[in-house]
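Structures given as structure tokens follow.
The same subunit A turns up in both complexes below, where it pairs with subunit B and then with subunit C.
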Partner chain A sequence: MLKTKKDLTRYSQISYHLMMLPGMFFLILFSYVPMVGIIMAFQDFVPSKGLWGSNFVGLKHFIYMVQLPDIVKVIRNTLIISIGKILLGTFMAIAFSILLNEIRLKFFKKTVQTIVYLPHFLSWVVLAAVVMNMFNLDGPINQFIASIGIPKINFLGNNKTFQPLLISTDVWKEFGYNSIVYLAAITTIDPGLHEAAAIDGASWWKRVWHVTLPGMLPIITLMAAMSLTGILSAGFDQVYNLYSPIVYETGDTLDTYVYRIGLVGRQYSFGSAVGLCRSLVGTILLLTSNWLAKELTDRKIF
Partner chain B sequence: MKNLKRSLIFMSVLALAATMPACSSKNSESSSGSSSASENNSQSSKAQADGPLTPYSDEITITLGRQTVQNPKIPDGDTYENNAYTRWLKKVLNINIKDEFEASGDDYSTQVSLALSSGEMPDMMKVSSKDDLRELYENDMIADLTDAYNTYASDYIKQIYDSYDGRALGDVTFDGKIMAIPATNVDTVGEVWIRSDWAQKLGMKIDEDKNGCITISELEGIAKEFMQKNPGNAQNVVGMAFAPWLTADEPDGTYSINTIAYALGAFPKTWINENGKVIYGSTTQETKTALKQIASWFKSGLVDQQLGTRTWDDITALLVNGQTGVTFGCWHIPDWLLNNVRSMDSKATFESYAIEDANGKVNCKHNNATAGYFVVNKKYAHPEAAIKIVNLFYDEMANSKTLKQDYPEVAKYQEDGVDGSTRPFNIEINKSTSLLDDYSDIEKGVKGEISPDQARTIESRTVIQNVKNYLANPDGCEVVDWSKYHSRMKGIELIQNLTENNKLNWVTPIFPTTTQTMKTNWANLRTMEEETFIKIATGAEDADTAFDQFVKDWNSMGGEQIISEIEEQLK
Partner chain C sequence: MVENKSVKSKIRVAVIYLIVLLLGLSCFLPLWNVVAISFSKSAAVSANRVNFWPVDFTLAAYKKILDDAQFWRSFVISVIRVVIALALNLILVVPMAYPLTKNSKEFKGRNIYMNLLIFAMLFSGGMIPSYILVKNLGLINSIWALILPGALPIFDVILLMNFFLGNPKSLEEAAIIDGAGPFQILLKILVPCSKSCLATISLFSIVGSWNDFYSGLIYIQKPVNYPIMTYIQSLSVDIQEMLRSGQTSQSLANITELSNRNLNAAKIVVAVIPLLMIYPFLQKYLVTGIVVGSVKE
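After this line comes the complex of A and B, so read on.
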């Protein structure tokens, strides 16, 4: 009796595995097969000679990369921009989800949600035009600044303002959408805990601090660790659509640099060498954060 | 704006895709009736069995990479893929055009780069740089056109290329093989275009000695006057606006500071050979002086305060909105840029000037004899079709005396001023003397000294009529009349006068091919140059220290090495 039941379970699981098959197929096709291209990083790749005909040059491109005078600047910019986005973005998303959770008026809650989710679905190609018009010298932001007597600032053409602009516009675009996960995490917290805390006389702040946030911690850890893997990509489409030579100093990131040098300048091998380095750093960071999460919160991601 | 443009292009491509099937089916129906007539026509005129314009008995299709521009004149329903020119091509040669990709400006170069990196190129496409061409050759992706050229090119086409003393074809010859159809490039002079209707309104006196030249301080005065008096009644007036890249490789670079730099003796982005010693113009003290000039104007507010972030399209918008009345570009910008100004303001007129240096001369540099190349995919079965297309559009169309009767649709395109990029090959192939030759025809035609039919090219015939229309009714004429008048009777006339009065001081640059060090370091050096220049111009960094540091870095980061490699090439 017991045995047949077990067989049945195993049999019934096969359909689930089958459901995963298309996903696995795409994963292999689009994530694993292209990895063959890593070979390019160790070659002087010529398209017509192909992957197997091009000459192997060892670590030439990696050495060249390290020697580039701009590489330090580019990595610094990338780190500042992406860490800024992760920190501010996570904070905003958590704060927003906690606040939104307090709203009891369903209609109002839904409206606010729709409004803040919307920018996530717009491409940077479109939003960049909006940002440019908002922040250029004749735009509304500068008109406001001028009206209160401060000299106008060319936000997109100033190395001091460009990074904050990138970070804040990206946070504005994404915080709503990112808060969905946190909202879900909040709903899993037992309301009994809140009630108990309230009965014990905890203020709203105290309840957020001692009940809501600890309840969200596993999700926060997970999300933070996941975002760390992308720390060396500061959002290509955003930067590419907003930057110009005048702000290369603070706005040029690894993605845009590789794009300019590698793809437009057509140094394929160099481009893939940089890409490979970035993936390696991402992998190391993911493993480290996983280990850290286990040490600090006793929860592993995988 | 750039992004808006990009998305617009995307949408228009989508729209094209949607309309394409309908158009192509219509096309084949309409052409079947008349194809026999044209076959007879071309066969009787060309005795050879397979001559320059012999049609294909079975229809062939060519996929193209198309470089497009803003094209307000194109008739409704016509597209880059299906227009009077492509229909003509179908009728005469039985060739179909299919666009693999369409893009404008920078996006086109990106498309070409992507085509190159993927190894999937259309049957034919235009590439802009010699390096692209060389890469295509070295990667064995393009067809050898030597036989096709020798067999099929018409005598007139051969005459055109011969007028460059082998410089044009030599540029596309690798190991003795002609690997591309070069677009020819005649010399031009950078000009300053100034809203003459505004100058008149304000009672300004410009160029009182009528020699066509103004000095840099006069230019400053004009821009200042326009800014203060705001004759365009616009908001946010700008004195002078420049593109973010400031300097351009081409002598006449539109929206660049080239004209000003040349007048100060600087030749940025130019290689000059001084008795075997190669100099890169961007690193000279004269270039520093030119940048300082822009920086001082920027500081005083005369130069656009959004310099660096103002895109090409934004600058055009400044002109169209009447926010600025001074701009820079060569003789033909009335045809494709300034015409937008006239479309908005029927009273707008421009006058063109050259900027003279301290000695009263106008410095200018010779162009490369070629400007872009059309290449044929090695895998394509009919490479000679490219030569036939050249014969049709650069010989037959330019010289046929009966085009208007035979193909009224094509003639109408020219009269209406539909942009030439709608021709399958968006390149120009002209004799080296063509600019001034055509001008003299037009001048005589307008004065009535020759009848329009005596003009050398069909285009000149059309232009004579355009200019007459403009002179008869300057305010009420069509935009095309306005732009042809301005480009020829202002733009080329200036070059003619400067040539006649011996005002031009020609510098002959060298055009080295990419060296080994350039391959690895040039992209960085270029980035560094543009970044430094824009920072100096906008006052973000001190001109002297930043420029000297730039020259030092430039040399140490491979510039010196590149110079010695180029000197090696010259030996």
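After this line comes the complex of A and C, so read on.
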């Protein structure tokens, strides 16, 4: 039986569609059906009546949301926490990669890398327990603080210290892992540049500033553009596992707020309305960061 | 002058080693603290006498875990979930990545599929509509609620598609001349050439499923059906409340739950062991994952 070229193409086309089919089923069901569910943000949604039986109320929940003092607080907290994480996290990852690159003892370097990459792969459930043990009133950190004569601090139960705690523990978890990409960038810098600078009498600091950092600039720009995407997510897992009613004032973020009010409090429509606004701004941020990445470097996210 | 310089550079190197050592210790000691607590007598833990070395060394906490039916139930739920989720991820991602490497002439409809994928990455229905969907599908309290919503990791599809595109085209053309159809090309040529990318996707799927407590929190309402991380999260709630409220050690020591701190620490250690077992592989594919992660197009 001779297959004509046309038959072959037809066979290929059908095969391609068949290959897409299972994945598309899950995509439609778990990504697109919930998008239709957003209708509930414009209703007084009652689960027993369903999406088609609930009353439409227009923008009621959105108007309520804008008037709520909570929402300003929640957005402010989200932005402070996420921007703090991005700035301090980027700085730490870059600084660590530069320092690590100076280490010549192979065994020492490998050991340190193994240890600092580890927290990235641990769940916040586990790390929250670690943070609680370290920072509780009688924990090692407070024992140290007391030993140098400063009064103990209740890091987890104080609105002044909670945001710094979230930012620094997240930086602690991720700096090692995030440094990998910067370390890879450093190794692509021509060592001849360093030698030339050294012969010209440039100090180590000067070489870092004028050779290493400019060499890393493309990747720093790319990472900075990509980090824009995360500005609305202050990290649900981390905040949820560390916060408590005492620190809602400074610790409550958009994601935890939607979870608590919308899901636990069963205000499905209101929660969806807040979620919709968050998703929309998130989409704009993602598009912007993709555009920035493409303009500033020649890479893109998708 | 020259000597002065070399002394200076020696000091600099020493300072760098010191800083790197301190950063390494800052990651190691807090994790080690949990291990030390798990091997200590509960009285010593309650009195906050355990820092970085076990006090009154004992295996009591680990012996207790052996009889803890709920711990092992959650552990097994997570193991089953990891295995099914991994299989499902690969079964869905691998066949999708191949047709997407074609252009819209070779595969009519390619761009529609691609745009559907990208839009789903850009925008989502959010937490509550997803919860209502899972509820209406009758999946609440079922292990499938943990697996199915994340069955198609879109980012992995694009990752693998780009990896396939990196293979020389001549490989595929030769196979077509030999009479291979799309399924043969995918399974006999592309998959064997993409082991490192598939390993990366698999490892990240395993870590993600094992560490996920969020799905368990939202979709599982019966504590007996909790996956391991949600179970551990539910344990620490009582103690967290006490620690946060800032009570002194004296009043805390009276509360019985606190004597469980070493038991909980031991549970955390056991729950992390599976991750430590695959950690060497993770480190091997770490860089691959990141390098293919930021795609040049």
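Convention: the second predicted complex is superposed on the first by the 224 of 302 C-alpha atoms of A that agree within 3 Å, B and C clash if a C-alpha of one lies under 4 Å from a C-alpha of the other, contacts with A are read in each partner's own complex, and residues count from 1 in each chain.
Here, a residue touches a chain if its C-beta (ideal position, glycine included) is under 8 Å from a C-beta of that chain, and two chains touch if they have at least 3 such contacts.
This one's a predicted model, so the numbers in the text were calculated from it and none came from an experiment.
**Student:** Identify the partner contact of A:N154: answer first if only subunit B is touched, second if only subunit C is, both if each is, neither if none is.
**Tutor:** Touch status of A:N154: both partners.
**Student:** According to the stated criteria, A:N136 is in contact with first (subunit B), second (subunit C), both, or neither; which is it?
**Tutor:** both
**Student:** Which of the two partners, first being subunit B and second being subunit C, lies in contact with A:A128: first, second, both, or neither?
**Tutor:** After superposing on A, A:A128 lies in contact with both subunit B and subunit C.
**Student:** Tell me which partner A:G192 touches in the superposition: subunit B (first), subunit C (second), both or neither.
**Tutor:** neither
**Student:** Compare subunit B and subunit C by how many residues of subunit A each one touches, and report the one with more.
**Tutor:** Per-residue touch count on subunit A favours C.
**Student:** A:V46 in the overlay: touching subunit B, subunit C, both, or neither? Say first, second, both or neither.
**Tutor:** First partner only, subunit B.
**Student:** With both complexes superposed on chain A, which partner does A:W204 reach: first (subunit B), second (subunit C), both or neither?
**Tutor:** After superposition on chain A, A:W204 lies in contact with subunit C alone.
**Student:** Considering only touches as defined above, state whether A:E249 meets subunit B (first), subunit C (second), both or neither.
**Tutor:** A:E249: touches subunit B, not subunit C.
**Student:** Using the touch definition from the top, say if A:T283 reaches subunit B (first), subunit C (second), both or neither.
**Tutor:** In the superposed model, A:T283 contacts subunit C only, not subunit B.
**Student:** Just subunit B (first), just subunit C (second), both, or neither: which does A:D70 touch?
**Tutor:** First partner only, subunit B.
**Student:** On subunit A, which stretch or stretches are contacted by subunit B in one complex as well as by subunit C in the other?
**Tutor:** On subunit A, the overlap between the subunit B and subunit C contacts is residues 47, 125-126, 128-129, 132, 136-138, 154, 156-157, 241, 244, 246, 263, 268.
**Student:** Taking the complex as given, what residues does subunit B use to touch subunit A?
**Tutor:** 1-4, 6-7, 109-110, 113-114, 116-119, 135, 138-141, 235-236, 244-245, 305-309, 519-520, 522-524, 527, 530-531, 534-535, 538, 540, 553, 557
**Student:** Hey, which residues of subunit A end up touching subunit B in the complex?
**Tutor:** 46-49, 64, 68-70, 125-126, 128-129, 132, 136-138, 152, 154, 156-157, 159, 241, 244-246, 248-249, 260-261, 263-268
**Student:** Taking the touch rule as given, give the residues of subunit C at its contact with subunit A in the complex, in rising order.
**Tutor:** 9, 12-13, 16-17, 19-21, 23-24, 26-31, 33-34, 37, 48, 51-52, 91-93, 95-96, 98-99, 102, 106-110, 113, 116-118, 120-133, 135, 148-152, 154, 157-158, 181-183, 186, 207, 210-214, 217-218, 229-230, 232-233, 236, 239-241, 243-249, 264-265, 268, 271-272, 275, 279, 282-283, 286-287, 290-291, 294-297
**Student:** Using the touch definition from the top, list the residues of subunit A that touch subunit C in their complex.
**Tutor:** These residues of subunit A touch subunit C: 11-13, 15-20, 22-24, 26-27, 29-38, 40, 47, 96, 99-100, 102-103, 105, 108, 111-119, 121-126, 128-134, 136-140, 143, 154, 156-157, 172, 175-177, 180-181, 184, 204, 222, 226, 236-237, 240-241, 244, 246-247, 255, 258-259, 262-263, 268, 271-272, 275-276, 278-280, 282-283, 286-287, 298-302.
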